[in-house]
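What follows is a pair of complexes built around subunit A, which joins subunit B in one and subunit C in the other.
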Partner chain A sequence: MAITKTIDQYFDDLRSTRVWRSVFRSGTGSSTLHRALAIQQNVFLHLFSTKVRARMLGFSATWYLGTLTLGTFLILVATGIPLMFYYHPSAPQAYADTKDLQFVVSSGLFLRNLHRWSAHAMVFLVFAHMFKVFYRGAYRTPREFNWVIGIVLLLITLLLSYTGYLLPWDQLAYWAITVGSNIASAVPVMGNKIHFMLLGGNAVNANALLRFYVLHCMILPLTAMFFVAIHFWRIRKDGGLYSHASEPATLRTNAAGSDTAAKEAQ
Partner chain B sequence: MPDETKPVSSDDAVDRRKFFAKLGLGSLTIAAAGTAAFAYQFLEPNVLYEPSPVVNAGKPDRYPLDSVTLDVNSGIYIIHSQEGYFSLSAVCTHLGCLTAWKPELNLIACPCHGSKFERDGKKIEGPAPRPLPWKRIWLNDDGDLLVDRSTDVPPLQRDSFVRV
Partner chain C sequence: MADSKDFTAGIDSNAKKSPRRIVFITRRTSAQVKTDSEDQVQSFPEVLFRAAVAIQVLAIALVWVSLVFNAPLEGLADPSHTPNPAKAPWYFLGLQEMLHYFPPVVAGVLVPGLVVFALIVIPYFKVNIEADGLFLKDRQKRLRIFYLIATGLSLFLLFFKVYAALVPTLIVAGVMLLAAQSSPQSSSALRRYLAARPLSYWVMTWFLFELVVLTAIGTFFRGPGWAWVWPWQGS
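Take a look at the complex of A and B:
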């Protein structure tokens, strides 16, 4: 009988407790079935494929751009919520609060800068992700719909960036939103109405600040999460990170010895 | 007495089901339209706490002859020309930035995208689609110049000036 236990054995003991088994039902073991169940029975992981080709998890396949985008999004949520504790979305208090966050609040400078840099990084990564998917041809059948979801997410990202821009309530914010909202007025027929509804008035004012705050902290992040969930789920539904069907027809016919390629070429 | 011998047509049952399905979908559509109208009305503010469009620009003798004076808070110019006083919107017609009078160049310039205007609002260059509009200006009983920012007047017309 062994006197000392390895760390793995402690974990195995933990996994076989009744409490653990009531939370994670897939059970212990390293068989393919157990590992598949661990993914499939987890509410967060079940969106993903239970099996992935090892090659598709390498850096060159995706450059991890989608995952990195999710990472920046999670950083933005984790830093944005603490910032909300010190920020009043009212004029002119918002400017004073931003300065407090910058100079007075402990770690406020760190959180605000992390939020800002992550926002820039997220916009960059979303575009990089789009270009990678485009040049890799990953938008092709059967993934056209996921490309469309991606475009929606790109727009939400840009809107999040734009609405966040007003919140410091400084000169840069004021004039950027004045210019940006006037661009919305250029929409035919209903442009002025859109401008009025977006700002909640005729000029960038307290109403506009509050509207942008609600959009930035509630409506747009929730919408983004909704579409991100569909975006991830569709990866599995459309055949995983790599789909043979999405290769161009010439490549598929040239793939020698592949039954599916021969079949599809007919 | 109902006709019990007549076989119940299977089409009748389906029609009834379809009828209720349509009734349900129709009600939901009406409710959705009502919700949309409700949401639109809710989001459109009925009362605005914005500054009055009428601005008191003070006594005319504050403005020397041939001067262009910008009031940054109200976004208007008061210009004292040979023909009299007139008021010009200082908000660029391109994307709404506040323009500035450049005395050394004798023109009005927008810092955002480089539009330039003459002293009477006429566009010289830049992306601005329209000249700077003239605003209604008049003297009140106390002898103050008042400007109504919400009312445009035709430029260079006799009535668009105030003479003191």
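Take a look at the complex of A and C:
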């Protein structure tokens, strides 16, 4: 045992180097305290709680849908940025760039495929996450507002996907956005104004492409990150992931009979 | 140890002279005391590791899909040439299917607006918090309301020939009727389960069912002129 080092030991050695310790504030060691500090002393991880109920780790408790949604978002950022390197948001150059991604750029086809399928997966996962949370009753006090933030994130996700849909500037993109944006014209009184503001014109054109590009690559991702941060932070502040059996007795009696949640939590 | 009382208990109507302090403990506002401590694990590394594995598995699956299936790319956008049918992204095809039956202001503005509003207010309404089986209390009254709403909605959908939405409505209504005829003492596990479902469960399940059915129809069963086609017929 003394001769062969385990991966853990290498990792411990790494964590005790001066450089590592200058970067991460939690220090070395694997005591409970240090593990708590590893979360608490990290600007990103401190959004989460240092401890989680053991029963919430089971697959059936959450199906990991929130985690997987985050995963698709990370993939989308990671593939979206290189896609931006090869893309001009102008008509008809956008279409030529997309063609280049398909046929000229190394791995461009793969990048675009991964971005597109991940986007579809994200929309699906956000819906699945929402229904799972609903059926577990996890929107109950004190988690009401986190549910509302979740709905906001659902809408942002739909907008992200929708704005990205136009960017290839092919027939599929053009007419899908035409069909969708025409609905905005149906809003009473303001309809045509909203439609015009959305597209920067009376029909889908180069202005619309630029607007959708800015929304898709800047405004909506930043807005999503902003709300995702609150969403994660509120999980900790609201008492961790909802588990019916872990709720205070008073809340449990209010929700008497919701035995789905109880069963799932067990 | 205890001294003799230096006060007497009694009721005095003079509030200035003898103020009374009364604590009301109600079910809603009583202090939230954690009853028992349960097993917890450290987020680092237990939870982070599992999250990382979950995301890795997802990434591998998506990479595999991306290697096998190519994202669609059609010809250059051409405003003068409308494809038939012109379809929105799949997650809006439920809405587009609704647009086939109702004017845009209803299907495109009113319905989605109400859906978003309804989703947002879910946690703030008591009907969604209390989770007793729908038909376990006030059975006769609730059954009457159920019949009224189910019949009204079905007739409405029938009147506008929205069979795509009518069929899921009738199926959910049928299951709800079964739930009404069940009790927590039923011998069948399914009927015990159905009997304990609250109203919010039924509304959400109906919505989910409609969402899936309408989206699937819009995606797979609609061809030129939004006419019904079977997926295997091609387009």
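Observations on the structure shown:
Everything that follows uses one rule, which is that the second predicted complex is superposed on the first by the 226 of 266 C-alpha atoms of A that agree within 3 Å, B and C clash if a C-alpha of one lies under 4 Å from a C-alpha of the other, contacts with A are read in each partner's own complex, and residues count from 1 in each chain.
As a convention for this text, a residue touches a chain if its C-beta (ideal position, glycine included) is under 8 Å from a C-beta of that chain, and two chains touch if they have at least 3 such contacts.
None of the values given here were measured: they were computed from a predicted structure.
When the two complexes are overlaid on their common chain A, residue A:Y95 makes contact with subunit C while staying clear of subunit B. In the superposition on chain A, A:I183 contacts both subunit B and subunit C. Of the two partner chains placed by superposition, only subunit C is touched by A:L109; subunit B is not.
With both complexes superposed, C is the one of subunit B and subunit C in contact with more subunit A residues. Using the contact criterion defined above for the overlaid structures, shared-chain residue A:N192 touches neither subunit B nor subunit C, since it reaches no partner. Legend: residue contacts after superposition of the two complexes on their common chain; A:G200 is shown touching subunit B, with no touch to subunit C. Looking at the shared chain after the overlay, A:A54 reaches subunit C, while subunit B stays out of its contact range. In the superposed model, A:S16 makes contact with neither subunit B nor subunit C.
When the shared chain is aligned, no partner comes close enough to touch A:S31: not subunit B, not subunit C. In the superposed model, A:W175 makes contact with both subunit B and subunit C.
Note: residues 175, 178-179, 182-183, 203, 205 of subunit A belong to the subunit B contact set and to the subunit C contact set alike, using the contact criterion stated above. By the touch rule above, subunit A contacts subunit C in their complex via residues 32, 35-36, 38-39, 45, 48-55, 57, 64, 67-68, 70-72, 74-75, 91-92, 95, 98-99, 102, 109-110, 112-118, 120-121, 123, 127, 130-131, 134-135, 137, 139-141, 143-144, 147-148, 151, 154-155, 158, 161-162, 165, 168-176, 178-180, 182-183, 185-188, 203-205, 246, 248-251, 253-259.
Across the complex, subunit A meets subunit B through its residues 175, 178-179, 181-183, 196-197, 200-203, 205-207. Subunit C makes touch with subunit A in their complex at residues 27-28, 30, 32-35, 38-48, 50-51, 54-55, 58-59, 62-63, 65-67, 69-79, 81-83, 86-92, 95-96, 99, 103-105, 108-109, 116, 119-120, 122-124, 128-133, 136, 196, 198, 201, 204, 208.
Those residues of subunit B that touch subunit A in the complex are listed here as 43-45, 48-50, 94-97, 112.
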